[in-house]
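Shared between the two complexes below is subunit A, which pairs with subunit B and subunit C, respectively.
This part shows the complex of A and B:
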């Protein structure tokens, strides 16, 4: 089946399933608000929602940029300094496996309600897939290609830009599929833990006021952002690797 | 340019890949290395390319080190697996060599590909080309900077028999128009015989030169030549030498 059609079917059927669930369970609207109620909130409070969306996006994107810079620098360092990679492995294993809500809590205790702990949480969530993939991708360069480059007496810079980086690019893009969506989810969770602004903070506020309609509105908005991020990466991937689908004509 | 192996030995850990190998390859000569697997023929080629250092002895390329010949862009290499980037077209893959070496004295990548029978495939990506075509692009990329020395490691090893024959014939034609010094590694006795001035037969464990055979056949050697009696006699000579080398290896 056509992928676009499948998306359309989902977008149309989700509200239908939603309404049917309300009809069948006879859930009151303060528990399970009907779609039109949520749509009303999204329209009437759109200024407020957009303000908080912007906060979340700024947190997510800043963290994401920082994660990319650190992860790529480390991957490149690992390539030329194998001892550094050996040294870093236990650190990455430990940091990656500490539940990140606990790190987040510690960060908030130390740094308070500033953008910094939230950005750090986004970095923690998105950093590892990029590091792992780019490190692997840089090493995936074809050995016969590297041999040829050596016989042509090419510089390390030429080898990196012409062979290693193009070899790593598919791995890097694949990391974005996980990490870019992850940055938005990470930002929302960070705000949910402790913040007065952002979509995560709106969820907490909606919950404490028993405003299920607001929580639903934020859920839809946050999901749309994350899905949008994913589709954006897919589109970039399709553009960068458009040559893969071209066939003999 | 000449290539001179003087008492070259090479160990990989416990394995003795080459043991005291001496061989001089003349300027413009086509020399094939043949032998059972593990005889060190690929190692010899990689040492000549400066990709491996001998454990003992030395290799001189035109009097200097192989690395120096690389620096002067006098070496072109092609291996069994084509060294092509999937994200570049045939033309840009060949052009990549020149991005490194510069264009001085180089051939035109487009003309070279057309000359190699790939005129309609300049803008095709490697995955859109057949194995034989990929190997032609690969050899074009090895030749485009017009090196004096060409090192070929089983370039046709992955191809089917018929493609292989026609590729061998094609390579013979391409090289007959140049004066390059060539080291060619193969498993095929026919290929070795039809292409070479000399065939060096190696025995394995440790890798040693078992015999050097001069191929006394006139050039050009076309496809019809493959059924010629003189050719078949030379093939038989190389083959029996190879069998002796295999026996030495066991």
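This part shows the complex of A and C:
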């Protein structure tokens, strides 16, 4: 099925499934408020929602940029310093899997209520898929091409820019599909843990006031942002690799 | 859908994200607007307080008329004060799940007593205590049916849920703490670390201070700022967790806490010079560790609720009369916290005044006036919306 059509079907059918779920299960509004109630909140409180969305986006994008810098730097280092990869991989696995709550508690004590703890959480959520994919991509370069470049006495820089990085690019873009959407959710979770602003903080506020309509409005907004991030990555991917489609046609 | 339509949809999505990035801060709530005006044209603290009081009285009258406390609380199922304890003859036993206000530590001592000393068994109940804690709201699990009875830490959550546009019908049937244990906790620099401080904090002590608040508690600052004429820029608010460590390491000057819990944690680390700003002394007061049931349970099975409350009250009486033995029981049952008997006893000492209260009502009993005042405060500081009282 056409991917765009699938998205349209999802957007159209989601409210229908929502209403049917309420009708069939008789779910009370404190669990699942009707869509029109949530839509009302999104309209009447749009200014507040947009303000907090901006906070979340800034956190997510800041963390994401930092994650990219760290992950790419490490991946390139692994390529030329294999011993560093052997040394660093156990650490990256541990750091990736350490419970965020523990780190958050320590960071809030050390760094206080600054954007840093939230950005660090986003980095922790997003750097590993980028690191793993780019590392694999850089190593997947065609060995015949590498041999030829070396035969032609090409510099390491030329080999990297003309062979290794183009080989890694599809892997890098694929990592964004996971990591970019993850940065939005990571920021929301970080705000939920210890922030006073942002979509995560709005969820806490909505829950503490028993406003399921507000909680669902924020949930939909955060999901829409994550889907938007995913579609953006797909669009970039299509643009960068349009020659593949052209070759086939 | 062709490529251009898809591109347009993508552009629209990006525009949404971009508009979020350039969105202005939301309009300040009424309380903030009042404060901003105060900053532009300095007012005497008394004038601010008088204006705040007049507004409060207006809201209180509206609450009493449109959302009276009697619609969500009752004392009628609590045992009579002079009732003698007599075990029942049990033809069958009711098994119930009871959501606790926090992780299983010594806060739940009355319920541990009721299990350990057989008070629940005496009234034909088999009770499973379900731990609460960060992220677990037993008022919601009660409304959803996962527990049969909930003991909720903050009593104010009951009217919040009942009055919400996405409501659940629940009834508060008894309280453990008659006053709010909520405080802002700090250290007194003028008292040696190994001595207890007798300093009495006032709202003005927070001017220029860093105050750590748990997510969702900013309204308590709004309350203090508006009621006592403190400018918003004068206090640096920070996000905080539940341990007092940030105060001990100097990252914050004060942190939101419960008088019965975090101060003793400071004492354990050798900081006897803690000092507390008690919100209950400054106009923000409410019930704590409130027992709540669904209305359907209240109406269809009042006998079960009565029996539970009788055993709970018996456990509470035992705690008040035998703190030493209760502490020994709490240390065993409080499996989520590695507590010593001394720590439990210190909690009991700190919480006794809150349990007994300053009203003339028997223990566990609540008053409509207190509930209405709490609701009016919540409306005044944007924590509860009541259509009729906007």
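Keep this in mind: the second predicted complex is superposed on the first by the 240 of 249 C-alpha atoms of A that agree within 3 Å, B and C clash if a C-alpha of one lies under 4 Å from a C-alpha of the other, contacts with A are read in each partner's own complex, and residues count from 1 in each chain.
Everything below uses one rule, namely that a residue touches a chain if its C-beta (ideal position, glycine included) is under 8 Å from a C-beta of that chain, and two chains touch if they have at least 3 such contacts.
Note that the structure is predicted; figures quoted are calculated from it, not measured.
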Overlaying the two complexes on subunit A, which is it for subunit B and subunit C: clash or fit? fit
First (subunit B), second (subunit C), both or neither: which does A:243 touch? first
With both structures fitted on chain A, tell me whether subunit B or subunit C touches more of subunit A's residues. C
I'd like to know which partner A:148 touches here: subunit B for first, subunit C for second, both or neither. first
One more residue to check, A:166. First (subunit B), second (subunit C), both or neither? first
Put simply, what angle do subunit B and subunit C open at subunit A, by C-alpha centres, to the nearest 10°? 160
Using the touch definition from the top, say if A:19 reaches subunit B (first), subunit C (second), both or neither. neither
Applying the touch criterion given at the start, work out whether A:43 contacts subunit B, subunit C, both or neither, answering first, second, both or neither. neither
So if I take every C-alpha atom in subunit B and every one in subunit C after superposing, what is the smallest distance between them in Å? 23
Please report the subunit A residues shared by its interface with subunit B and its interface with subunit C. none
Using the touch rule from the top, collect the residues of subunit B that touch subunit A in their complex. 46, 49-51, 67, 70-71, 73, 75-77, 79, 81-87, 96-97, 99-101, 124-125, 127-128, 141-142, 145, 151
Which positions of subunit C touch subunit A when the two form their complex? 1, 6, 10, 13-14, 16-17, 19-27, 137, 139-140, 143-144, 157, 160-161, 164-168, 210, 212-213, 215-216, 218, 237-241, 243, 245-246, 249, 251-252, 383-384
Contact footprint of subunit B on subunit A as seen in their complex: 142, 144-145, 147-154, 158, 162-163, 166, 169, 241, 243-244, 246-248
Interface with subunit C, subunit A side, in the complex: residues 2, 4-5, 8, 28-31, 33, 37, 47-48, 50-51, 53-54, 57-58, 104-105, 108-110, 112-113, 192-196, 201, 204-205, 207-213, 224-225, 228, 231-232, 235
